[in-house]
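In what comes next, subunit A is part of two complexes: it sits with subunit B in the first one and with subunit C in the second one.
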Partner chain A sequence: MNTPNTRSGRTSAGRMSAARLLPTSRGWRGVGWTGMLAAVAVAALLPWMLSSYHLSEASSVLYLSLAVLSVNLLTGMNGQLSLGQAAFVGIGAYSVVILVGDHGWTYPQAMAAGAVLAAVAGIVVAVPALRLRGLYVALTTFGIGLVFPTLLQKFTSVTGGSGGKSLTLAYLPPAGSGLDQGQWAYLVSLVVLVVAMLFVHLLKQSKTGRAIQAVRDNDIVAEGFGVPLARIKIATFALSAALAGLAGGLFALQRQFVSPGDLGLNTSIEFFVGMAIGGSVSVPGAVIGGLFLQYAPDLTQDLGITPIYTPAVYGGLLILIIIFARGGAAGLATTISQRLTRQPHSPPGLTADRPTQQDEPYSRSGIGREPPEEVL
Partner chain B sequence: MELFVQRVIDGLSTGSIYAALALAIVLVFRATGTINLAQGEMAMFCCFIAWKLTDIGWPIVPAILVSMAAGFVGGAAIERVVVRPVEDAKDHLPIIIVTLGLLLAVDSLAGGLFTVDTERLDSPFPHGSWRVGGVHVGYDSIGLLAVIIVISVVIWFVFGRTRLGLHMRASVDNPESARLVGIRRSSMLMFGWGAAAALGALAAALVAPQTFVYTGMLQGVLLYAFAAATLGGFDSPAGAIVGGLAVGVVQDLVAGYITFIGNELSLLTALGIILAVLMVRPTGLFGRADSKRL
Partner chain C sequence: MTTSKRLKIGTAVAAALALTISLTACGTTEKSNTPTSSGSAGGSAAGIDASACPDSATKEITGDTITIGQSGPLSGPYAAVGSANKTVKAYVDSINADGGLQTTAGKKKLKLITLDDQYQASKTQSNVRELVEQDHVSAIVGLVGTANGLAVAPYLDQQCVPSLFPLSGSTQLLQYKFTTVGQTYLDQGAVIGKYLKQKYPNAKVAVLYQNDDTGKDSLAGVKSQIDGTGISIVKEESYEPTDTDVSAQMTTLAATKADVLLGFAFSVKCTQALKNLQATSWRPVILTDTMCADNDINAANVPDIATKIYKTDANKTSQALYGSDADFKKFVATVTKEGIEPTATPVTAWVPFELDLAAISNAKPLSSVGIAEAARSLPADTHPGLLRDGIQISTTPGEPAIRQFYMDPWDPAAKGFGKSTEPPISAE
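Moving on to the complex of A and B:
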């Protein structure tokens, strides 16, 4: 394997600049992959390095990262807004607790079923909105986010109602592995997360992935180029709901308990904050978002902020990021790498790639072509 | 039959609250072209101001008026400070995410600055009811309907008969030409957000005797208001009022006659209305054809 430096030497040969000493953007990708592999290797060793308490915190990071990844895929890559993501997480978690606890399913079966159920629920609620352009899906998912807890109350005999439902049967580690339950839960979560991240990464690079992002950037042009708009949006929504359901499955696997209190509107918005912190289109950014959501409450408390104001800090950060740093942490990393290599390429972000209004080909004076979409 | 009439009347009175909040949503939509997901939380915050004032001995009506004034100033300030920097004619996603941040922040600030407990706010209307045949019409129902009629007349007058309303409509319908004739679009946007927040504060104070005052008091009501705005059409003030009343009646009838739904699952009605409107007539009853571009 080439080291990043020799690769950059080859690609920018002949150009005399300080950039020569640093990797080019292609080289950075090599650095990125090496870094990711190293991070996964370190993460895989954590069960033997951390106390069981700290390991359970690290496990939470994994399920939170997967939930943030589901928002990345939907909002960051596809430009849709789901306010019911916590409900999809809940569907996954309740599926595991109910199917394993009351119906004797195995954990992997129940987790798969939870992901499928979340996707189906997502499609049922989202399809009427997804046929239309714009943000109607925000409304319907806001609805499902509010209705889901009332459904849990209604079917208390199955779901345990507002007190929540616990699961006595843990996912036992394979005999002879020498792992305890916490270590096994962590390792399973890690594998699920890494596979999901790899999947989303490959999807993003694929033709379908470009179609998904084209719908976000300009749905009219995308449709003109033959992208089946509704199908892409519905498929992305279903996939995102499935990832959220899988995150819920991990939650149930780790805690063996789920209650409606953890699944409100605020939780859905917190996943957004995680996405914005990590970078809305960045796959590794999802882990940064997960780390933030797990450790930020402790951090703000250390700073002397009463826990009741923690959501205010989240909300303020979300607003500041959207105003000042659309790309989040990953965007900042890209900007820095660009500064170092002086290779301008557009940073990721919700709208970063769009031309400014002045550059647009139509005339703003009302003479000539009309803008394709005007403010109401 | 009497029960049916009773339910329709009760529905109309809850519907007037949905109508007021839906009108707030429509005002923001007409100004900025997107929805403010924090509309309910902003109204809840204003309602806490009204509660605080009554708590220190103010009568209820001045307290509500002050909370509406605070809403107007706060709404205009929020538009100027956090919404304006991300305003983009092409892309409403950043604005809507900013309103999500506002939702979290306002919710947590209300809990921290006021209280996380559930408080009681008196109704501005007298107790008792008026009997017609076997039907009770509460004075509060009459009061709520009267308030929504007054609001409708004021909105109609301001939008249809004043210079301010003309400027607002102009800067929304054709921002370029409006700017050329010297209309300050930025003042119009601030005015739209401020008026919306004041209306929201009024809706919150009116619903508070039923829901009580707590940080989550308007989450469900906001969903009904969204259903009302979807039904009426997001850009139509008249639609918001008709939609609000209709949603209120449908909610009461569904809760009354379909025992499975009852009161526990009544939010399902709101979601059902939104889904049905999106499938059958996405523009809503009174929306313009292009208003489906929410």
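Moving on to the complex of A and C:
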């Protein structure tokens, strides 16, 4: 989970002049990959280890993680604040419920169609957002998040209105696999999530990925260096929406029910909180965000906190993270690992692995910026 | 200029999104909500074939405790409605303090587990799975919301665990064997239709309704009764739940000068509609249902039109009218002890929970399936304490339990609905 690829993996490791630090950094990267593989292996075994109820919770984590990953890509990596991600999740979810339930499509077809439709909607939103920046992009996406549940209620004959729409056909496991529906839904979700995470990870390392992040850090400079600003912004929006649409597809697959109440502004804001908590630019951080969103409400209730204060707990955590750990849980893990590896050798005053302004310039929005160590 | 540009962009975005959704739909309106019932009709009187049910659902409850669970909006934007769940909790506490509930297998204590779903159907789903699979509850009580009830109904049909009288007036829930329904907006509409036939057989009627299941069901109920009579609907105007006001609709309706206004508008919209009406010269008779409550009418402060408002009701809601009623006193004492104000919401939770208790008491054998069967066909003499005198419970399986309503007149002096002097009207 704690691969340090957010910073040491890419920018710092590549540029750090202190040669002796390189192996350490690489070593941590190796640990990260091993950890990830181990985590995936354990996750793949869960259907045979958990009761059906606990497995359904774990399935939720997978869908939530994918939704958080989509916010990571758009907000964390590209710096476009999204407060309406639930709308794209909703397009994916409703596509599956409507296409499978009313039009006889198969689940994979409907999920793919949902992702494509969400991407198209993403492009439509991205076009006005092109001229806007920071807070105004946030307001645009906020508007989408606000209007989406209303649209669902407007087209009641198709969407089932405020009562929601259920899907009686389950995605049946392949004959002879010996899996039950819940196990199959979990495994499909796991594969989709892992592929999506790998994709985003590779994207992040690629030239396009660097362009995406350069736009976040300083769009004017990025454009000066030849980054096609409009294309990058629209493509990121579309890609993020497609991932969110896929997450919606998983939601429909797992629950066979969707209603406007599940896709309100609250949900969008929860995804945003998930991103901040996991780490806005970290791919594995998305899973931490997903875990948080699934288990935190139960945990606060188990701790004896009256549910009505749960949003206050979220809010408080968000403030703490913005002040003390902008990289979220993943960023915190990276920082700690770097501290541990640095301590014995670093002579006082030498701060070779400390990010400088050139390494991680301030982004306009402040989102996606790595934690300056001075604060920690 | 910039504003209009942004507006245009906003409209374009909204239009495009709408297009996306309608494209997704491809024009069909066919519903796929056919229930996956766990068994065919027949077998027992209540129509439940338990042969496909898990053993845990048919096994008789042993020990001296019955575990039940509920899920509702304890936090989030709808947390205020969570007082319904707190009311159920208070009721359970009072029963246990009195030694428990009498059942067919002797006196049993109730163990109630309450979970928070923030009014999100997906969270209700998780909560109900937790209650059924982890806590092994014998019944789900006090679910809040139509979507929330619908989200778990197919699952509960599979598990053969009843969802007893959720707080929802939707007819869609009636198709599920293990979900029972207290009262529906469709029935309230039918009662209003019958009242129209009795009192205003040649009336011209104007309608304001909320464009969702609630408003549409109410209107459909009215239409089911007045088709082919001398009553004509001259104008129907709808509003979206998210609209900010209803003045445009009310202006259109006022132009009809109809004799009767059917107001199927929720809380604030009801207040707004009455205020708009007061500003015109139109003075129709106003018929409404439980969507519009006492405080909504008081908030409008409309002395000129307040003499002709009638509303369907089956519960004892008003402290002024029932303050000396023994059952109402018990209710007030129980909820105030837990710090809950004895307003309309606790009453709307109390009555269904009384039906839940009747189902559990009468279940034979005392098992999940037994409770479900009892709930589908309650004994005819069941009478919840906060149900108005004179109202008879419906015992037909697959129908709502409460199908009779009074048409109460508004009493401007008392600032509340009075008691109708006429017998209740049945929707059946």
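Before moving on, here are some points about what is shown:
The rule is short, and it goes like this: the second predicted complex is superposed on the first by the 314 of 376 C-alpha atoms of A that agree within 3 Å, B and C clash if a C-alpha of one lies under 4 Å from a C-alpha of the other, contacts with A are read in each partner's own complex, and residues count from 1 in each chain.
Everything below uses one rule, namely that a contact is a pair of C-beta atoms (placed from the backbone, for glycine too) under 8 Å apart; a residue touches a chain by one contact, two chains touch by 3 or more.
Keep in mind that this is a model prediction, so the values were computed, not measured.
By the touch criterion defined above, A:Val227 lies against neither subunit B nor subunit C after alignment on the C-alpha atoms of chain A. Applying the stated contact rule after C-alpha superposition, one finds that A:Ile323 touches subunit B and leaves subunit C untouched. In the superposition on chain A, contact of A:Ala121 is made with subunit C only, not with subunit B. After overlaying the two complexes on the shared chain, residue contacts for A:Leu55 are found with neither subunit B nor subunit C. In the superposition on chain A, A:Ile144 contacts both subunit B and subunit C. Judged by the touch definition given at the top, the superposed model places A:Phe272 against subunit B, while subunit C stays out of reach. Within the superposed three-chain model, A:Ile308 lies in touch with subunit B and with subunit C [touch as defined at top].
Residue contacts after overlaying the shared chain place A:Leu193 against neither subunit B nor subunit C.
Of the two partner chains, neither subunit B nor subunit C is touched by A:Ala235. 125, 128, 140, 143-144, 147, 150-151, 153-154, 266, 306, 308-311 are the residues of subunit A that lie in the contact sets of both subunit B and subunit C, per the superposition on chain A. Listing the residues of subunit C that touch subunit A in their complex gives 9-10, 12-14, 16-18, 20-26, 28-36, 74-77, 79, 82, 115-116, 118-123, 125-126, 129-130, 133-134, 145-148, 150-151, 154, 170, 172, 211-213, 240-242. By the touch rule above, subunit A contacts subunit C in their complex via residues 51-53, 56-57, 60, 87, 91, 94-95, 98-99, 101-103, 117, 120-121, 124-125, 128, 140, 143-144, 147-148, 150-168, 251, 255-257, 259-262, 264, 266-267, 297, 301, 306-311. Residues 75, 79, 81, 83, 125, 128-129, 131-136, 138-140, 142-144, 146-147, 150-151, 153-154, 265-266, 269-270, 272-273, 276, 306, 308-312, 314-319, 322-323, 326, 350-351, 354, 357, 364-366, 371, 373-376 of subunit A are the ones that touch subunit B when the two sit in their complex.
Against subunit A, in their complex, subunit B makes its touches with residues 29-30, 33-35, 37, 82, 85-86, 88-94, 96-98, 100-109, 111-112, 116, 172-173, 175-177, 219-220, 223, 226, 230, 235, 264-265, 267-268, 270-271, 274-275, 278-279, 282, 290-294.
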